[in-house]
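Got a structure for you, written out below as structure tokens; questions coming shortly.
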Amino acid sequence: MFARIVGQSFARNPRRKMLTVAALVVGMAVATATLTIALEVGDRMAREFRSLGANLLVTPQSDTLPLEIGGVDYRPVDEGAYLNEADLGKLKTIFWRHNILGFTPFLDVPSQLAGGRVTNTTLIGTWYEHEVPVPDGTTFKTGLGATHPSWQIRGRWFRDGANEAVVGAALAAKDREALAIGKKIQLTHGDGANSAASLDVTGIVSTGGAEDNAILVPLSVAQNYSGHPGEFRQLYVSALTKPADALADRDPKSLTPAEYDRWFCSPYISSISYQIQQALPGGDVRAIRKVADSEGRILSRVSTLLWIVTLAALIAAGLAVAATSAAAVLERRIEIGVMKAIGATNTAVTALFLTEHLTLALIGGAIGFLLGAGLARFLGASVFGTPASPRIILLPVVLGLAALVALIGGLIPLWRAARFDPAPILRGE
Amino acid sequence: MAALVQIENLRKEFGNVRALDGVTFTVEAGEWIAIMGPSGSGKTTLINILGGLDSPTSGKAVVDGTDVARLDEAGLTRFRAEKIGFVFQQFHLVSYLTALENVMLAQYFHSTTDEGEARAALERVGLADRIDHLPSELSGGEQQRVAVARALINQPKLILADEPTGNLDEANEEIVLRLFRELHAEGHTILMVTHAHSIGQLADRRIDLAHGRLAQVKLRV
Amino acid sequence: MFGRLLWKMLRSNRGRLAVALVAVASGATVISALLNLQFDIERKLTQEFRAFGANVVISRAGSAEGADASQSTPEVRGSPALMDQAAVLGQVEKMQTPDVVAAAPYLYVVARVGDVPIVAVGTWLDQARKLQPTWKLTGGWDPSRADEGRCLVGRNVARQFQLAPGSEIELKYLANSAHLRVADVVDAGGAEDNQIFVNLPVVQKLAALDGRIELVQLSVSGTGPGIGNYVSRLASSLPGYDVRPVRQVAEAEGNLLDRTRLLILSMVVLILVLTALCVLATMAALAMERRKNVGLMKALGGSISRIMELFLAEVSVLGAVGGLIGCIAGVALAEWMGRRVFGTSITPRWDVFPLTIAMMVGVALAGALPLRLLGKIRPAVILRGE
């Protein structure tokens, strides 16, 4: 009988119920969308920040002081230590390999050009779209695009391993005739096997830094020119990290085994550095602090902001839904009066209405979840460029929230109505 | 002098149902007409049309020179405000307004409000000491008297009453009917729908309707 | 009478309207908090980005013919284009605004300590410190611009030469030398760990480049467009020089701000929709109850516009009052949010009030749609058969 009454109640007056359900749906859609985005945002923003470029730098452990000005190392080739290019594939085997978005080695070689107005310059050997063989048999394509995304190229980058070169914009401006796209430049006085390489200029790069005064070539060309095959001096790494918290900053040696596990399994910049260090013995891994720290700080601020905004939106949604469900119950005062007049107890009336309300809440919540998931995808796509994928775990959360909020909202007028004398209600007051 | 109300061949159909089927009669100014008949005979429909609450399907209904049948929505609204005073069986007072405010409501929709006149109207119906009471604080008879004051406030040409004492007990019925007799004596034109013969006998003329048609027009003996 | 009627209407429906008021007020609270926060968010986030260091660089325009034949490093570097210190810094000084957090000149020289080549950076030590908030000065030294006897050494330099605050070193360049005392060691977490920092005149004398500098770096705070504005004004005051924002930082900053702004805007829209729906639900219920009264008013000769006036006024009051309550609560909420996220107070923006209230009135009017349907009812139908 109970079920019958509830069922009948749904069959009548669908329009009124529609509005309540609609408010529930939108409210829960807002809740779902904001929760989904808040959960995803940390990840997305972190990726956004990788547009700042590398956040880790690997240099040889036993090294002399680099003569670095604005990012270019001016040391002669026979000074200082080198790292092995062959080791680099191991970076994609560490625990956090999927967070290693890219890495680029650099070898800066003082060089001389034959002919033209510029004679002394620096040759920067590096990668642009290079396939690194990984020990598990796959290859990983990486290079400047991942670690130095703000560098702008006119023309095109050199092909991997080819005798091609890209000239820095400031250098090109000093000799517009000889250092232009399509021209050949001639290297002289190298220490290695390919000391008189002839290179095709394929592009002009603008970096905003000291590289604008240098010539960029494939790593292999610089290695051959300098007589250091298979070697490089610096490695820039772009890793997707999680903002540091108390655990991240502690010395790993001081952690208990449980803490150590937690630390190792969180993508802090410190744990990723540690893992890279293990993979590249002889290398000294350091966070590029101004990138890593600021990134972490800004990320955690934005993340906090978004969670707070989500919380506020949830409260607003909750209150709106509660208000709507209170309105819905208020409307039914007459029915409640009638039921009481024919002898229904307070409990029976409350139970009936609550059941109806809960059913509405669950239906509304479920539809709202679907709508909200779609909304999250749309928002994710338009705001972040990649759609936010809905999390199934949110479904019970949202349903629970819907039920809770609808109940609280409906309960207050229900409680008041159930206690009232039916007579005035029936009289139409 | 032209009759105040002239109805000619009035028809009203609601879908397949013919509520009024070619009714014709006239009403002179100052007459009290009782409209009687069994339920479903079209009494309320007739009153509604005369009061501009409804439009006929065909025929003429001229009230104070205006053919109600030809008026559009805006015209009917003005007509109701200016020419007609309604008194309903269920009183239909606004529950959250005092007696005074209920009367002033009619003024508000007519043109401007005048609290002094509203007070006077309520005094006229004997409710001088009840002006600030809400309808829930008034007896049925008092509520109906407020409704009468409201009906009178804009000096209507025609007072239309639909079973005005239907919801009242004997004592209150007596009070309200006495009020109507006074109004009649003062020269107001009253059209009252009733099913009670005792009330019908108070009128100058009786119009009986049956199945949407005029059955009898009886003069008071 | 209009006012009286309105007041009585509001009072008689206060239960229902209170419920709708809750929805409107809560929506208004969140929206006004977000709007209040929006402005401050941008400003605070851009401040965070200042930790990246300089975001504007002034250098000699690329078309330099290598005219400055005197090279700062005869062996390796191509001749960097040098600028006239007085001319450039003079302009920078003139264009100084409170938004410029720091500004410093730079001159790089590959000098020697003993036989070891090392990069010596001539700058204004006090400003360089401000330009790089991520620097950690282990000894807590507060550098001054005038000090020509002391220097700052990078962490790796200190380790290499076993230097500590108080140690003495001698910087040599060709035939010149400068005797310096180490004032502090800087842990920069970057290239600066390998460099020595001294005040500009020391390096200029060492390299015989008096009055020359290579770069000026600035850290400018403010909103994206504000910074862009400053850069273009600075650029036009320095024709022949290259004044550019540091692309990396500017892009990331611009991106982040755009995203945050868009996200907040979407939230605001969603909440508006939700609030409108809630008002709609309440008004629909109310409209049902009002049919009798509306029928009566029509019977009394009330025109649709007269009747609608009342209802729309009622709903507007709902929106305005809810909006006002929400705005006040929103200031408090924004303050709390600001503290949680940035740890500082938010300055409430009073122009948010009229905006939010207007939005809420708009939402209320939109939600009052069902009331307009009341205009269509036929009084005879309503007043009959009850």
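Note that the chains take the letters A, B and C in the order they are written out, and that residue 1 is the start of every chain.
By our rule, a residue touches a chain if its C-beta (ideal position, glycine included) is under 8 Å from a C-beta of that chain, and two chains touch if they have at least 3 such contacts.
Source: prediction; values computed, not measured.
A.B. asks: Ranked by contacting C-beta pairs, which pair of chains comes out on top?
C.D. replies: A-C
A.B. asks: If I average the CA coordinates per chain, which chain comes out farthest from subunit A?
C.D. replies: Relative to subunit A, the chain whose C-alpha centre sits farthest away is B.
A.B. asks: Quick check for you: compute each chain's CA centroid and the global CA centroid, then name the chain with the smallest gap between them.
C.D. replies: Going by the distance between chain centres and the overall C-alpha centre, it is C.
A.B. asks: Would you mind pulling out the distance in Å between where the CA atoms of subunit A average out and where those of subunit C do?
C.D. replies: Computed from C-alpha means, the inter-chain centre distance equals 21 Å.
A.B. asks: Between subunit A and subunit B, tell me the centre distance in angstrom, where each centre is the average of that chain's C-alpha atoms.
C.D. replies: 76
A.B. asks: From the C-alpha centre of subunit B to that of subunit C, how far is it in Å?
C.D. replies: 71
A.B. asks: Could you list the positions in subunit B whose residues touch two or more of the other chains?
C.D. replies: 95
A.B. asks: Along subunit B, where are the residues that touch subunit C in the complex?
C.D. replies: 44, 48, 51, 53-54, 73-74, 77-82, 84, 86, 88, 90, 92, 94-97, 101, 104-110, 113, 150, 154
A.B. asks: Inside the complex, what are the residues of subunit C that reach subunit A?
C.D. replies: Touching subunit A from subunit C are residues 15-16, 19-20, 22-23, 26-27, 29-30, 33-34, 37, 41, 44-45, 48-49, 51-53, 57, 62-66, 73, 75-78, 80-81, 108, 110, 116-119, 132, 134, 156-157, 160, 188-191, 194-195, 244, 246-249, 251-252, 255-256, 259-260, 262-264, 266-267, 270-271, 273-275, 277-278, 280-282, 284-285, 288, 333, 337, 340-342.
A.B. asks: How about subunit C: which of its residues touch subunit B in the complex?
C.D. replies: 1-2, 4-5, 8-9, 11-12, 292-293, 295-304, 306, 378-380, 383-384, 386
A.B. asks: Across the complex, what residues on subunit A touch subunit C?
C.D. replies: My answer: residues 16, 19-20, 22-23, 26-27, 29-30, 33-34, 37, 45, 48-49, 51-53, 57, 64-71, 74-76, 110, 117-118, 120-122, 150, 152, 169-171, 173-174, 208, 212-213, 286-294, 297-298, 301-302, 304-306, 308-309, 312-313, 315-317, 319-324, 326-328, 330-331, 375, 379, 382-384, 413.
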